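The same chain A turns up in both complexes below, where it pairs with chain B and then with chain C.
Coming up: the complex of A and B.
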(Lines of atoms letter the chains of each structure in order from A and count residues from 1; the text may use other names and numbers.)
(Lines give C-alpha, C1' and ligand atoms only; values in the text may rest on other atoms or scores of the structure.)
Protein backbone atom coordinates (compact mmCIF):
# COMPACT_ATOMS: atom_id res chain seq x y z
CA UNK A 1 0.00 0.00 0.00
CA UNK A 2 2.80 2.41 -0.80
CA UNK A 3 0.54 4.64 -2.86
CA UNK A 4 -2.08 4.97 -0.17
CA UNK A 5 -3.82 7.69 -2.15
CA UNK A 6 -5.98 5.04 -3.80
CA UNK A 7 -8.35 5.76 -0.97
CA UNK A 8 -9.44 8.82 -2.89
CA UNK A 9 -10.75 6.69 -5.73
CA UNK A 10 -11.60 3.18 -4.57
CA UNK A 11 -13.03 1.25 -1.68
CA UNK A 12 -10.87 -1.36 -0.02
CA UNK A 13 -12.85 -4.06 -1.81
CA UNK A 14 -11.96 -2.64 -5.20
CA UNK A 15 -8.33 -2.30 -4.15
CA UNK A 16 -8.20 -5.94 -3.03
CA UNK A 17 -9.73 -7.06 -6.32
CA UNK A 18 -7.13 -5.11 -8.28
CA UNK A 19 -4.23 -6.69 -6.40
CA UNK A 20 -5.80 -10.15 -6.73
CA UNK A 21 -6.18 -9.63 -10.46
CA UNK A 22 -2.54 -8.58 -10.70
CA UNK A 23 -1.43 -11.75 -8.88
CA UNK A 24 -3.60 -13.95 -11.11
CA UNK A 25 -2.17 -12.41 -14.25
CA UNK A 26 1.35 -13.25 -13.11
CA UNK A 27 0.87 -16.97 -12.70
CA UNK A 28 2.30 -19.55 -15.04
CA UNK A 29 0.15 -20.35 -18.04
CA UNK A 30 -1.18 -23.65 -16.72
CA UNK A 31 -2.42 -22.20 -13.45
CA UNK A 32 -3.55 -18.91 -14.87
CA UNK A 33 -6.47 -20.39 -16.78
CA UNK A 34 -7.99 -21.82 -13.60
CA UNK A 35 -7.27 -18.65 -11.69
CA UNK A 36 -8.85 -16.32 -14.22
CA UNK A 37 -12.17 -18.07 -13.77
CA UNK A 38 -12.09 -17.10 -10.11
CA UNK A 39 -11.88 -13.47 -11.05
CA UNK A 40 -14.94 -13.29 -13.26
CA UNK A 41 -18.11 -11.89 -11.77
CA UNK A 42 -21.45 -11.50 -13.46
CA UNK A 43 -24.66 -9.92 -12.18
CA UNK A 44 -28.21 -10.43 -13.33
CA UNK A 45 -31.05 -8.49 -11.75
CA UNK A 46 -34.81 -8.32 -11.96
CA UNK A 47 -37.12 -5.57 -10.80
CA UNK A 48 -40.38 -6.59 -9.06
CA UNK A 49 -43.44 -4.41 -8.88
CA UNK A 50 -46.88 -5.27 -7.46
CA UNK A 51 -45.91 -8.91 -7.22
CA UNK A 52 -44.90 -9.11 -10.87
CA UNK A 53 -41.31 -9.56 -11.89
CA UNK A 54 -39.85 -7.58 -14.71
CA UNK A 55 -37.35 -8.90 -17.21
CA UNK A 56 -34.08 -10.32 -15.94
CA UNK A 57 -31.30 -8.06 -17.06
CA UNK A 58 -27.57 -8.57 -17.11
CA UNK A 59 -25.61 -5.75 -15.54
CA UNK A 60 -22.95 -5.91 -18.27
CA UNK A 61 -24.90 -7.29 -21.19
CA UNK A 62 -22.31 -8.75 -23.52
CA UNK A 63 -19.63 -9.92 -21.09
CA UNK A 64 -21.95 -11.53 -18.61
CA UNK A 65 -23.64 -13.73 -21.18
CA UNK A 66 -20.29 -15.39 -21.85
CA UNK A 67 -19.94 -16.56 -18.26
CA UNK A 68 -21.64 -19.91 -18.11
CA UNK A 69 -23.25 -21.46 -15.09
CA UNK A 70 -20.85 -23.54 -13.13
CA UNK A 71 -21.06 -25.50 -9.91
CA UNK A 72 -20.15 -23.41 -6.91
CA UNK A 73 -16.64 -24.35 -5.80
CA UNK B 1 45.17 -52.37 52.11
CA UNK B 2 46.24 -52.18 48.52
CA UNK B 3 43.13 -54.07 47.47
CA UNK B 4 41.00 -51.36 49.05
CA UNK B 5 42.94 -48.65 47.26
CA UNK B 6 42.59 -50.50 44.01
CA UNK B 7 38.86 -50.82 44.54
CA UNK B 8 38.34 -47.14 45.29
CA UNK B 9 40.45 -46.02 42.35
CA UNK B 10 38.60 -48.42 40.11
CA UNK B 11 35.33 -46.96 41.31
CA UNK B 12 36.53 -43.48 40.55
CA UNK B 13 37.55 -44.43 37.06
CA UNK B 14 34.31 -46.19 36.22
CA UNK B 15 32.10 -44.00 34.07
CA UNK B 16 29.16 -42.55 35.90
CA UNK B 17 25.75 -43.73 34.90
CA UNK B 18 24.67 -40.16 34.17
CA UNK B 19 23.42 -40.09 30.55
CA UNK B 20 25.38 -37.79 28.28
CA UNK B 21 23.21 -34.79 27.34
CA UNK B 22 23.08 -34.55 23.52
CA UNK B 23 23.35 -30.94 22.35
CA UNK B 24 21.24 -30.18 19.32
CA UNK B 25 19.15 -27.28 18.00
CA UNK B 26 16.47 -26.52 20.53
CA UNK B 27 13.07 -27.73 19.43
CA UNK B 28 10.63 -24.93 20.08
CA UNK B 29 8.08 -26.01 22.62
CA UNK B 30 5.44 -23.41 21.86
CA UNK B 31 3.81 -23.28 18.49
CA UNK B 32 1.11 -21.04 17.17
CA UNK B 33 -1.99 -22.44 15.51
CA UNK B 34 -2.16 -21.09 11.97
CA UNK B 35 -5.09 -20.98 9.58
CA UNK B 36 -4.14 -19.60 6.20
CA UNK B 37 -7.24 -19.41 4.03
CA UNK B 38 -8.23 -18.13 0.61
CA UNK B 39 -11.82 -17.82 -0.57
CA UNK B 40 -11.40 -20.91 -2.73
CA UNK B 41 -8.87 -22.92 -0.77
CA UNK B 42 -7.64 -23.51 2.79
CA UNK B 43 -3.87 -23.82 2.75
CA UNK B 44 -3.59 -24.45 6.49
CA UNK B 45 -6.37 -25.18 8.95
CA UNK B 46 -5.31 -24.87 12.59
CA UNK B 47 -1.84 -26.17 11.93
CA UNK B 48 0.77 -25.76 14.65
CA UNK B 49 3.71 -23.84 13.27
CA UNK B 50 6.75 -22.23 14.80
CA UNK B 51 6.81 -18.86 13.06
CA UNK B 52 5.00 -16.97 10.35
CA UNK B 53 6.53 -14.01 8.53
CA UNK B 54 4.10 -11.64 6.87
CA UNK B 55 4.38 -8.37 5.01
CA UNK B 56 2.10 -6.08 6.99
CA UNK B 57 1.18 -2.63 5.75
CA UNK B 58 3.06 -1.18 8.72
CA UNK B 59 6.16 -3.25 7.98
CA UNK B 60 7.40 -6.83 7.80
CA UNK B 61 6.72 -8.84 10.91
CA UNK B 62 7.36 -12.30 12.27
CA UNK B 63 4.66 -13.85 14.41
CA UNK B 64 5.64 -16.41 17.04
CA UNK B 65 3.67 -18.33 19.64
CA UNK B 66 1.80 -16.28 22.24
CA UNK B 67 1.87 -13.12 20.18
CA UNK B 68 -0.22 -10.26 21.52
CA UNK B 69 -3.66 -10.23 19.83
CA UNK B 70 -3.60 -7.86 16.90
CA UNK B 71 -5.07 -7.22 13.47
CA UNK B 72 -2.71 -6.36 10.67
CA UNK B 73 -3.57 -5.44 7.11
CA UNK B 74 -1.19 -7.11 4.68
CA UNK B 75 0.41 -5.56 1.64
CA UNK B 76 0.86 -7.66 -1.49
CA UNK B 77 3.88 -9.68 -0.46
CA UNK B 78 5.34 -12.89 0.85
CA UNK B 79 3.99 -15.08 3.57
CA UNK B 80 6.59 -17.45 4.97
CA UNK B 81 5.59 -20.32 7.24
CA UNK B 82 8.19 -22.14 9.35
CA UNK B 83 6.60 -25.36 10.54
CA UNK B 84 9.48 -26.89 12.49
CA UNK B 85 13.23 -26.84 12.41
CA UNK B 86 14.51 -24.88 9.47
CA UNK B 87 12.07 -25.90 6.74
CA UNK B 88 10.03 -22.95 5.51
CA UNK B 89 7.42 -22.59 2.81
CA UNK B 90 6.68 -19.36 0.99
CA UNK B 91 3.66 -17.99 -0.78
CA UNK B 92 3.07 -14.70 -2.49
CA UNK B 93 -0.26 -13.21 -1.42
CA UNK B 94 -2.22 -10.39 -2.99
CA UNK B 95 -3.11 -8.84 0.36
CA UNK B 96 -5.60 -9.39 3.11
CA UNK B 97 -5.54 -9.50 6.89
CA UNK B 98 -3.58 -11.34 9.55
CA UNK B 99 -5.37 -11.63 12.88
CA UNK B 100 -3.78 -12.96 16.05
CA UNK B 101 -6.52 -14.15 18.38
CA UNK B 102 -6.21 -14.61 22.13
CA UNK B 103 -5.34 -18.22 22.86
CA UNK B 104 -2.41 -18.45 20.48
CA UNK B 105 -4.26 -18.61 17.18
CA UNK B 106 -3.34 -16.86 13.96
CA UNK B 107 -5.73 -16.47 11.07
CA UNK B 108 -4.55 -15.10 7.74
CA UNK B 109 -7.18 -14.29 5.15
CA UNK B 110 -5.98 -13.39 1.69
CA UNK B 111 -7.75 -13.28 -1.63
CA UNK B 112 -5.11 -14.79 -3.89
CA UNK B 113 -1.92 -16.58 -2.96
CA UNK B 114 0.31 -19.07 -4.69
CA UNK B 115 3.70 -20.69 -4.02
CA UNK B 116 6.58 -18.82 -5.62
CA UNK B 117 7.11 -21.63 -8.16
CA UNK B 118 3.71 -20.95 -9.68
CA UNK B 119 4.72 -17.54 -10.96
CA UNK B 120 6.35 -16.75 -14.28
CA UNK B 121 9.02 -14.03 -14.18
CA UNK B 122 8.40 -13.32 -17.84
CA UNK B 123 4.74 -12.59 -17.24
CA UNK B 124 5.60 -10.40 -14.24
CA UNK B 125 8.10 -8.37 -16.24
CA UNK B 126 5.73 -7.88 -19.13
CA UNK B 127 2.87 -6.93 -16.81
CA UNK B 128 5.05 -4.46 -14.95
CA UNK B 129 6.08 -2.69 -18.15
CA UNK B 130 2.47 -2.51 -19.24
CA UNK B 131 1.34 -1.12 -15.89
CA UNK B 132 4.09 1.49 -15.74
CA UNK B 133 3.18 2.62 -19.23
CA UNK B 134 -0.45 3.17 -18.23
CA UNK B 135 0.52 4.79 -14.94
CA UNK B 136 2.67 7.35 -16.75
CA UNK B 137 0.24 7.84 -19.60
CA UNK B 138 -2.66 10.21 -19.96
CA UNK B 139 -5.68 8.16 -18.97
CA UNK B 140 -8.08 9.11 -16.20
CA UNK B 141 -6.79 9.49 -12.65
CA UNK B 142 -8.63 6.33 -11.71
CA UNK B 143 -7.01 4.27 -14.46
CA UNK B 144 -3.61 5.59 -13.56
CA UNK B 145 -4.17 4.76 -9.90
CA UNK B 146 -5.22 1.23 -10.84
CA UNK B 147 -2.08 0.85 -12.90
CA UNK B 148 0.02 2.22 -10.03
CA UNK B 149 -1.46 -0.37 -7.65
CA UNK B 150 -0.80 -3.18 -10.13
CA UNK B 151 2.75 -1.95 -10.67
CA UNK B 152 3.33 -2.11 -6.91
CA UNK B 153 2.17 -5.72 -6.88
CA UNK B 154 4.42 -6.65 -9.80
CA UNK B 155 7.41 -4.95 -8.22
CA UNK B 156 6.81 -6.83 -4.96
CA UNK B 157 6.51 -10.05 -6.97
CA UNK B 158 9.77 -9.40 -8.76
CA UNK B 159 11.47 -8.75 -5.46
CA UNK B 160 10.05 -11.98 -4.02
CA UNK B 161 11.00 -14.05 -7.04
CA UNK B 162 14.44 -12.52 -7.22
CA UNK B 163 15.34 -13.21 -3.63
CA UNK B 164 14.00 -16.75 -3.44
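Coming up: the complex of A and C.
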Protein backbone atom coordinates (compact mmCIF):
# COMPACT_ATOMS: atom_id res chain seq x y z
CA UNK A 1 0.00 0.00 0.00
CA UNK A 2 2.88 2.35 0.62
CA UNK A 3 3.77 2.04 -3.06
CA UNK A 4 0.54 3.72 -4.09
CA UNK A 5 1.43 6.47 -6.56
CA UNK A 6 -1.95 8.16 -6.77
CA UNK A 7 -0.87 10.55 -4.04
CA UNK A 8 1.35 12.28 -6.55
CA UNK A 9 -1.65 13.25 -8.64
CA UNK A 10 -4.62 13.99 -6.47
CA UNK A 11 -5.80 14.31 -2.90
CA UNK A 12 -7.43 11.63 -0.82
CA UNK A 13 -10.84 13.21 -1.27
CA UNK A 14 -10.55 13.00 -5.04
CA UNK A 15 -9.41 9.39 -4.69
CA UNK A 16 -12.42 8.60 -2.53
CA UNK A 17 -14.79 10.28 -5.00
CA UNK A 18 -13.34 8.32 -7.91
CA UNK A 19 -13.73 5.01 -6.11
CA UNK A 20 -17.23 5.97 -5.01
CA UNK A 21 -18.16 6.76 -8.60
CA UNK A 22 -16.86 3.36 -9.68
CA UNK A 23 -18.92 1.63 -7.02
CA UNK A 24 -22.04 3.60 -7.91
CA UNK A 25 -21.75 2.78 -11.58
CA UNK A 26 -21.44 -0.90 -10.80
CA UNK A 27 -24.69 -1.13 -8.84
CA UNK A 28 -27.94 -2.71 -10.00
CA UNK A 29 -30.03 -0.24 -12.01
CA UNK A 30 -32.59 0.61 -9.34
CA UNK A 31 -29.97 1.07 -6.64
CA UNK A 32 -27.76 2.98 -9.03
CA UNK A 33 -30.37 5.65 -9.67
CA UNK A 34 -30.74 6.24 -5.93
CA UNK A 35 -27.00 6.30 -5.40
CA UNK A 36 -26.35 8.69 -8.28
CA UNK A 37 -28.44 11.30 -6.50
CA UNK A 38 -26.08 11.08 -3.55
CA UNK A 39 -23.11 11.69 -5.75
CA UNK A 40 -24.26 14.70 -7.73
CA UNK A 41 -22.51 17.99 -7.34
CA UNK A 42 -22.84 21.13 -9.43
CA UNK A 43 -20.14 23.02 -7.56
CA UNK A 44 -18.70 26.18 -9.05
CA UNK A 45 -15.78 28.10 -7.57
CA UNK A 46 -13.80 31.25 -8.19
CA UNK A 47 -10.47 32.48 -6.90
CA UNK A 48 -10.14 35.93 -5.40
CA UNK A 49 -7.17 38.29 -5.57
CA UNK A 50 -7.14 41.51 -3.56
CA UNK A 51 -10.87 41.73 -3.26
CA UNK A 52 -11.51 41.02 -6.93
CA UNK A 53 -13.04 37.75 -7.98
CA UNK A 54 -11.80 35.69 -10.85
CA UNK A 55 -13.97 33.80 -13.31
CA UNK A 56 -16.35 31.20 -11.95
CA UNK A 57 -15.37 27.71 -12.98
CA UNK A 58 -17.31 24.48 -12.79
CA UNK A 59 -15.58 21.84 -10.73
CA UNK A 60 -16.90 19.11 -13.02
CA UNK A 61 -17.41 20.60 -16.44
CA UNK A 62 -20.65 19.42 -17.94
CA UNK A 63 -20.16 16.55 -20.32
CA UNK A 64 -23.37 15.44 -21.93
CA UNK A 65 -22.93 11.75 -21.73
CA UNK A 66 -24.59 9.43 -19.32
CA UNK A 67 -22.23 6.63 -18.40
CA UNK A 68 -24.58 3.70 -17.98
CA UNK A 69 -23.64 0.10 -17.49
CA UNK A 70 -22.61 -1.52 -20.72
CA UNK A 71 -23.30 -5.17 -21.20
CA UNK A 72 -20.31 -7.40 -20.74
CA UNK A 73 -19.89 -8.96 -24.15
CA UNK B 1 -66.39 60.89 10.38
CA UNK B 2 -69.04 62.11 7.97
CA UNK B 3 -68.44 65.66 9.21
CA UNK B 4 -64.75 65.25 8.51
CA UNK B 5 -65.47 64.12 4.98
CA UNK B 6 -67.84 67.04 4.32
CA UNK B 7 -65.20 69.40 5.68
CA UNK B 8 -62.74 67.86 3.29
CA UNK B 9 -65.20 68.32 0.45
CA UNK B 10 -65.71 71.96 1.34
CA UNK B 11 -61.96 72.41 1.42
CA UNK B 12 -61.63 70.98 -2.08
CA UNK B 13 -64.53 73.09 -3.29
CA UNK B 14 -62.85 76.26 -2.16
CA UNK B 15 -59.54 75.40 -3.88
CA UNK B 16 -59.08 77.54 -7.01
CA UNK B 17 -58.42 76.25 -10.54
CA UNK B 18 -58.11 72.64 -11.51
CA UNK B 19 -60.58 71.42 -8.87
CA UNK B 20 -61.42 67.85 -9.71
CA UNK B 21 -65.10 66.82 -9.78
CA UNK B 22 -66.52 66.27 -6.33
CA UNK B 23 -66.15 62.52 -5.97
CA UNK B 24 -63.04 62.24 -8.08
CA UNK B 25 -60.64 62.42 -5.13
CA UNK B 26 -62.43 59.69 -3.23
CA UNK B 27 -62.76 57.59 -6.38
CA UNK B 28 -59.06 57.93 -7.20
CA UNK B 29 -58.19 56.89 -3.68
CA UNK B 30 -60.58 53.99 -3.97
CA UNK B 31 -58.91 52.84 -7.17
CA UNK B 32 -55.51 53.05 -5.54
CA UNK B 33 -56.67 51.09 -2.55
CA UNK B 34 -58.16 48.47 -4.82
CA UNK B 35 -54.90 48.07 -6.70
CA UNK B 36 -52.89 47.82 -3.51
CA UNK B 37 -55.33 45.27 -2.16
CA UNK B 38 -54.96 43.13 -5.25
CA UNK B 39 -51.18 43.23 -5.17
CA UNK B 40 -50.99 42.46 -1.45
CA UNK B 41 -53.31 39.50 -1.97
CA UNK B 42 -51.00 38.18 -4.66
CA UNK B 43 -48.02 38.61 -2.41
CA UNK B 44 -49.77 36.76 0.37
CA UNK B 45 -50.43 33.84 -1.98
CA UNK B 46 -46.79 33.74 -3.00
CA UNK B 47 -45.39 33.89 0.51
CA UNK B 48 -47.83 31.26 1.70
CA UNK B 49 -46.79 28.87 -1.04
CA UNK B 50 -43.12 29.55 -0.33
CA UNK B 51 -43.77 28.72 3.29
CA UNK B 52 -45.37 25.40 2.33
CA UNK B 53 -42.45 24.49 0.12
CA UNK B 54 -39.97 25.43 2.82
CA UNK B 55 -41.75 23.30 5.43
CA UNK B 56 -41.69 20.21 3.24
CA UNK B 57 -38.04 20.81 2.44
CA UNK B 58 -37.34 21.34 6.13
CA UNK B 59 -38.58 17.85 7.04
CA UNK B 60 -36.22 16.29 4.51
CA UNK B 61 -33.35 18.58 5.48
CA UNK B 62 -33.73 17.76 9.14
CA UNK B 63 -33.49 14.03 8.47
CA UNK B 64 -30.34 14.58 6.42
CA UNK B 65 -28.96 16.76 9.21
CA UNK B 66 -29.45 14.06 11.84
CA UNK B 67 -27.44 11.57 9.84
CA UNK B 68 -24.90 14.16 8.71
CA UNK B 69 -24.23 15.26 12.28
CA UNK B 70 -22.93 11.80 13.10
CA UNK B 71 -20.15 12.36 10.58
CA UNK B 72 -19.22 15.58 12.29
CA UNK B 73 -19.25 14.05 15.77
CA UNK B 74 -17.21 11.03 14.76
CA UNK B 75 -14.84 13.36 12.99
CA UNK B 76 -14.20 15.59 15.97
CA UNK B 77 -13.46 12.62 18.24
CA UNK B 78 -9.92 12.43 16.96
CA UNK B 79 -9.25 16.07 17.64
CA UNK B 80 -10.56 15.78 21.16
CA UNK B 81 -7.91 13.20 21.91
CA UNK B 82 -5.17 15.02 20.04
CA UNK B 83 -5.38 18.65 21.10
CA UNK B 84 -2.87 20.96 19.51
CA UNK B 85 -0.22 22.44 21.77
CA UNK B 86 0.13 25.97 20.39
CA UNK B 87 -2.97 27.85 19.30
CA UNK B 88 -3.23 28.50 15.60
CA UNK B 89 -2.25 32.01 14.55
CA UNK B 90 -3.27 31.94 10.93
CA UNK B 91 -6.72 30.49 10.55
CA UNK B 92 -8.56 29.66 7.39
CA UNK B 93 -12.22 30.59 7.78
CA UNK B 94 -14.74 28.61 5.82
CA UNK B 95 -18.05 30.47 5.85
CA UNK B 96 -21.07 28.31 5.08
CA UNK B 97 -24.16 30.02 3.72
CA UNK B 98 -26.11 29.71 0.48
CA UNK B 99 -27.06 31.41 -2.76
CA UNK B 100 -30.73 32.13 -2.19
CA UNK B 101 -32.31 34.90 -0.18
CA UNK B 102 -35.66 35.41 1.58
CA UNK B 103 -34.49 33.37 4.55
CA UNK B 104 -34.29 35.91 7.34
CA UNK B 105 -30.92 36.62 8.94
CA UNK B 106 -29.07 33.44 7.98
CA UNK B 107 -26.39 34.98 5.78
CA UNK B 108 -25.78 38.10 7.83
CA UNK B 109 -25.49 36.11 11.08
CA UNK B 110 -22.71 34.00 9.61
CA UNK B 111 -20.94 37.01 8.09
CA UNK B 112 -21.12 38.88 11.41
CA UNK B 113 -19.76 35.87 13.29
CA UNK B 114 -16.81 35.73 10.90
CA UNK B 115 -16.09 39.43 11.34
CA UNK B 116 -16.29 39.06 15.12
CA UNK B 117 -13.94 36.08 15.06
CA UNK B 118 -11.37 37.91 12.96
CA UNK B 119 -11.56 41.03 15.09
CA UNK B 120 -11.65 39.14 18.40
CA UNK B 121 -9.08 40.15 20.99
CA UNK B 122 -9.30 37.21 23.39
CA UNK B 123 -8.03 34.70 20.82
CA UNK B 124 -5.96 36.87 18.55
CA UNK B 125 -5.37 35.68 15.02
CA UNK B 126 -3.72 37.21 12.00
CA UNK B 127 -5.65 40.06 10.47
CA UNK B 128 -5.03 38.72 6.99
CA UNK B 129 -6.35 35.26 7.71
CA UNK B 130 -7.75 33.82 4.50
CA UNK B 131 -11.49 33.40 4.13
CA UNK B 132 -13.31 31.04 1.81
CA UNK B 133 -17.02 31.49 1.35
CA UNK B 134 -19.62 28.96 0.30
CA UNK B 135 -22.69 30.75 -1.02
CA UNK B 136 -23.19 33.97 -2.94
CA UNK B 137 -25.07 35.93 -0.30
CA UNK B 138 -22.35 35.85 2.34
CA UNK B 139 -19.76 36.29 -0.37
CA UNK B 140 -21.27 39.64 -1.33
CA UNK B 141 -21.51 40.74 2.30
CA UNK B 142 -17.97 39.73 3.17
CA UNK B 143 -16.39 41.00 -0.03
CA UNK B 144 -17.51 44.48 0.96
CA UNK B 145 -15.99 44.34 4.44
CA UNK B 146 -13.16 41.78 4.35
CA UNK B 147 -12.53 41.69 0.62
CA UNK B 148 -8.76 41.51 1.00
CA UNK B 149 -9.01 38.28 2.99
CA UNK B 150 -11.16 36.45 0.47
CA UNK B 151 -9.28 33.59 -1.11
CA UNK B 152 -11.89 31.50 -2.86
CA UNK B 153 -15.65 31.28 -3.10
CA UNK B 154 -18.00 28.49 -3.99
CA UNK B 155 -21.59 28.49 -5.14
CA UNK B 156 -24.32 26.22 -6.51
CA UNK B 157 -24.43 24.40 -3.18
CA UNK B 158 -27.67 24.35 -1.25
CA UNK B 159 -30.19 24.08 -4.05
CA UNK B 160 -30.93 20.62 -2.77
CA UNK B 161 -29.67 18.70 0.25
CA UNK B 162 -25.86 19.02 0.18
CA UNK B 163 -24.10 15.82 -0.76
CA UNK B 164 -20.79 14.51 0.43
CA UNK B 165 -19.58 15.02 -3.13
CA UNK B 166 -20.06 18.77 -2.64
CA UNK B 167 -18.10 18.71 0.61
CA UNK B 168 -15.34 16.55 -0.88
CA UNK B 169 -15.10 18.90 -3.86
CA UNK B 170 -14.74 21.91 -1.59
CA UNK B 171 -12.15 20.18 0.60
CA UNK B 172 -10.25 19.07 -2.49
CA UNK B 173 -10.10 22.62 -3.84
CA UNK B 174 -9.02 24.00 -0.47
CA UNK B 175 -6.17 21.54 -0.14
CA UNK B 176 -5.03 22.00 -3.74
CA UNK B 177 -5.06 25.79 -3.51
CA UNK B 178 -1.83 27.14 -2.11
CA UNK B 179 -3.37 28.96 0.83
CA UNK B 180 -1.29 28.82 4.00
CA UNK B 181 -2.93 28.24 7.34
CA UNK B 182 -2.29 26.68 10.73
CA UNK B 183 -5.85 25.66 11.51
CA UNK B 184 -9.31 25.83 10.01
CA UNK B 185 -12.48 27.33 11.46
CA UNK B 186 -15.79 26.50 9.86
CA UNK B 187 -18.44 29.17 10.55
CA UNK B 188 -21.99 27.92 10.06
CA UNK B 189 -25.47 28.18 11.56
CA UNK B 190 -26.20 25.68 14.26
CA UNK B 191 -29.70 24.28 14.35
CA UNK B 192 -31.16 24.79 17.81
CA UNK B 193 -34.82 24.26 17.03
CA UNK B 194 -37.29 24.73 14.22
CA UNK B 195 -37.64 28.39 15.12
CA UNK B 196 -34.13 29.34 16.17
CA UNK B 197 -30.55 28.99 15.05
CA UNK B 198 -27.28 30.61 16.01
CA UNK B 199 -23.88 30.95 14.36
CA UNK B 200 -21.23 28.54 15.54
CA UNK B 201 -17.59 27.81 14.83
CA UNK B 202 -16.10 24.35 14.44
CA UNK B 203 -12.33 23.95 14.59
CA UNK B 204 -10.57 21.50 12.30
CA UNK B 205 -6.95 20.79 13.05
CA UNK B 206 -4.56 21.12 10.14
CA UNK B 207 -2.19 18.37 9.13
CA UNK B 208 0.93 19.82 10.75
CA UNK B 209 -0.75 20.58 14.04
CA UNK B 210 -2.12 17.05 14.09
CA UNK B 211 1.33 15.57 13.57
CA UNK B 212 2.81 17.63 16.37
CA UNK B 213 0.15 16.94 18.97
CA UNK B 214 1.21 14.58 21.74
CA UNK B 215 -1.81 12.31 21.53
CA UNK B 216 -1.23 11.66 17.86
CA UNK B 217 2.52 11.14 18.05
CA UNK B 218 1.94 8.17 20.31
CA UNK B 219 0.76 6.21 17.27
CA UNK B 220 3.63 6.66 14.77
CA UNK B 221 1.50 7.07 11.67
CA UNK B 222 3.03 7.46 8.25
CA UNK B 223 3.02 10.98 6.87
CA UNK B 224 0.96 9.94 3.84
CA UNK B 225 -1.81 8.49 5.92
CA UNK B 226 -1.81 11.51 8.23
CA UNK B 227 -2.26 13.77 5.25
CA UNK B 228 -5.15 11.61 4.03
CA UNK B 229 -6.73 11.73 7.46
CA UNK B 230 -6.45 15.50 7.65
CA UNK B 231 -8.04 15.92 4.21
CA UNK B 232 -10.82 13.44 4.86
CA UNK B 233 -11.65 14.95 8.24
CA UNK B 234 -11.85 18.37 6.59
CA UNK B 235 -14.37 17.00 4.08
CA UNK B 236 -16.36 15.41 6.91
CA UNK B 237 -16.46 18.60 8.92
CA UNK B 238 -17.53 20.60 5.87
CA UNK B 239 -20.26 18.08 5.11
CA UNK B 240 -21.66 18.20 8.65
CA UNK B 241 -21.65 22.00 8.56
CA UNK B 242 -23.28 22.08 5.11
CA UNK B 243 -26.24 19.87 6.02
CA UNK B 244 -26.84 21.65 9.31
CA UNK B 245 -26.68 25.07 7.65
CA UNK B 246 -29.08 23.83 4.97
CA UNK B 247 -31.61 22.76 7.60
CA UNK B 248 -31.25 26.12 9.36
CA UNK B 249 -31.83 27.93 6.09
CA UNK B 250 -35.03 26.02 5.33
CA UNK B 251 -36.40 26.64 8.81
CA UNK B 252 -35.48 30.33 8.65
CA UNK B 253 -37.12 30.66 5.25
CA UNK B 254 -40.26 29.00 6.55
CA UNK B 255 -40.40 31.36 9.51
CA UNK B 256 -39.68 34.40 7.36
CA UNK B 257 -42.39 33.50 4.86
CA UNK B 258 -44.77 32.73 7.71
CA UNK B 259 -44.21 36.20 9.15
CA UNK B 260 -44.55 37.74 5.72
CA UNK B 261 -47.88 35.96 5.17
CA UNK B 262 -49.14 37.12 8.56
CA UNK B 263 -48.13 40.70 7.82
CA UNK B 264 -49.72 40.49 4.39
CA UNK B 265 -52.93 39.21 5.95
CA UNK B 266 -52.93 42.10 8.40
CA UNK B 267 -52.41 44.53 5.56
CA UNK B 268 -55.24 42.95 3.59
CA UNK B 269 -57.60 43.33 6.54
CA UNK B 270 -56.60 46.94 7.05
CA UNK B 271 -56.88 47.81 3.37
CA UNK B 272 -60.22 46.05 3.03
CA UNK B 273 -61.56 48.11 5.92
CA UNK B 274 -60.25 51.27 4.34
CA UNK B 275 -61.71 50.33 0.97
CA UNK B 276 -65.14 49.55 2.36
CA UNK B 277 -65.23 52.73 4.38
CA UNK B 278 -64.21 54.75 1.33
CA UNK B 279 -66.82 53.03 -0.80
CA UNK B 280 -69.55 53.68 1.75
CA UNK B 281 -68.47 57.29 2.13
CA UNK B 282 -68.67 57.80 -1.64
CA UNK B 283 -72.16 56.28 -1.71
CA UNK B 284 -73.26 58.46 1.17
CA UNK B 285 -71.91 61.57 -0.54
CA UNK B 286 -73.81 60.77 -3.71
CA UNK B 287 -76.96 60.20 -1.68
CA UNK B 288 -76.50 63.56 0.03
CA UNK B 289 -76.08 65.26 -3.34
CA UNK B 290 -79.18 63.61 -4.74
CA UNK B 291 -81.25 64.43 -1.71
CA UNK B 292 -80.16 68.06 -1.50
CA UNK B 293 -80.75 68.32 -5.23
CA UNK B 294 -84.21 66.78 -4.88
CA UNK B 295 -85.09 68.97 -1.92
CA UNK B 296 -84.20 72.03 -3.97
CA UNK B 297 -86.88 71.27 -6.50
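The working rule: the second predicted complex is superposed on the first by the 40 of 73 C-alpha atoms of A that agree within 3 Å, B and C clash if a C-alpha of one lies under 4 Å from a C-alpha of the other, contacts with A are read in each partner's own complex, and residues count from 1 in each chain.
As a working rule, a residue touches a chain if its C-beta (ideal position, glycine included) is under 8 Å from a C-beta of that chain, and two chains touch if they have at least 3 such contacts.
Since the structure is predicted, the reported quantities are computational estimates derived from the model, not experimental observations.
Chemist: Of the partners chain B and chain C, which touch A:18 in the superposed model: first, second, both, neither?
Modeler: A:18: touches chain B, not chain C.
Chemist: In the overlaid three-chain picture, which partner chain does A:29 touch, first (chain B) or second (chain C), both, or neither?
Modeler: first
Chemist: Going by the contact rule set out at the top, does A:43 touch chain B (first), chain C (second), both, or neither?
Modeler: It touches chain C, and chain B stays clear.
Chemist: Quick one: is A:56 in contact with chain B, with chain C, with both, or with neither? Answer first, second, both or neither.
Modeler: Only chain C is touched by A:56; chain B is not.
Chemist: Under the contact rule defined above, give the chain A residues that sit at the interface with chain B and also at the interface with chain C.
Modeler: Residues common to the chain A contacts of chain C and of chain B are 2, 10, 16-17, 20, 38, listed in rising order.
Chemist: Show me the residue ranges of chain B that touch chain A in the complex, using the header's touch definition.
Modeler: For chain B paired with chain A, touching residues are 39-40, 57, 73, 75-76, 92-96, 111-114, 118-120, 123-124, 127, 131, 141-142, 145-146, 148-150, 152-154, 157.
Chemist: In the complex of these two chains, what residues of chain A are touching chain C?
Modeler: 2, 7, 10-14, 16-17, 20, 37-48, 50-51, 53, 56, 59-60
Chemist: Which part of chain C faces chain A closely enough to touch in the complex?
Modeler: The touching residues are 143, 147-148, 150-157, 159, 163-166, 168-173, 175-177, 222, 224, 227-228, 231-232, 235.
Chemist: Note which residues of chain A are touching chain B in the complex, please.
Modeler: The contact residues of chain A facing chain B are 1-3, 5-6, 8-10, 15-29, 31-32, 35, 38, 73.
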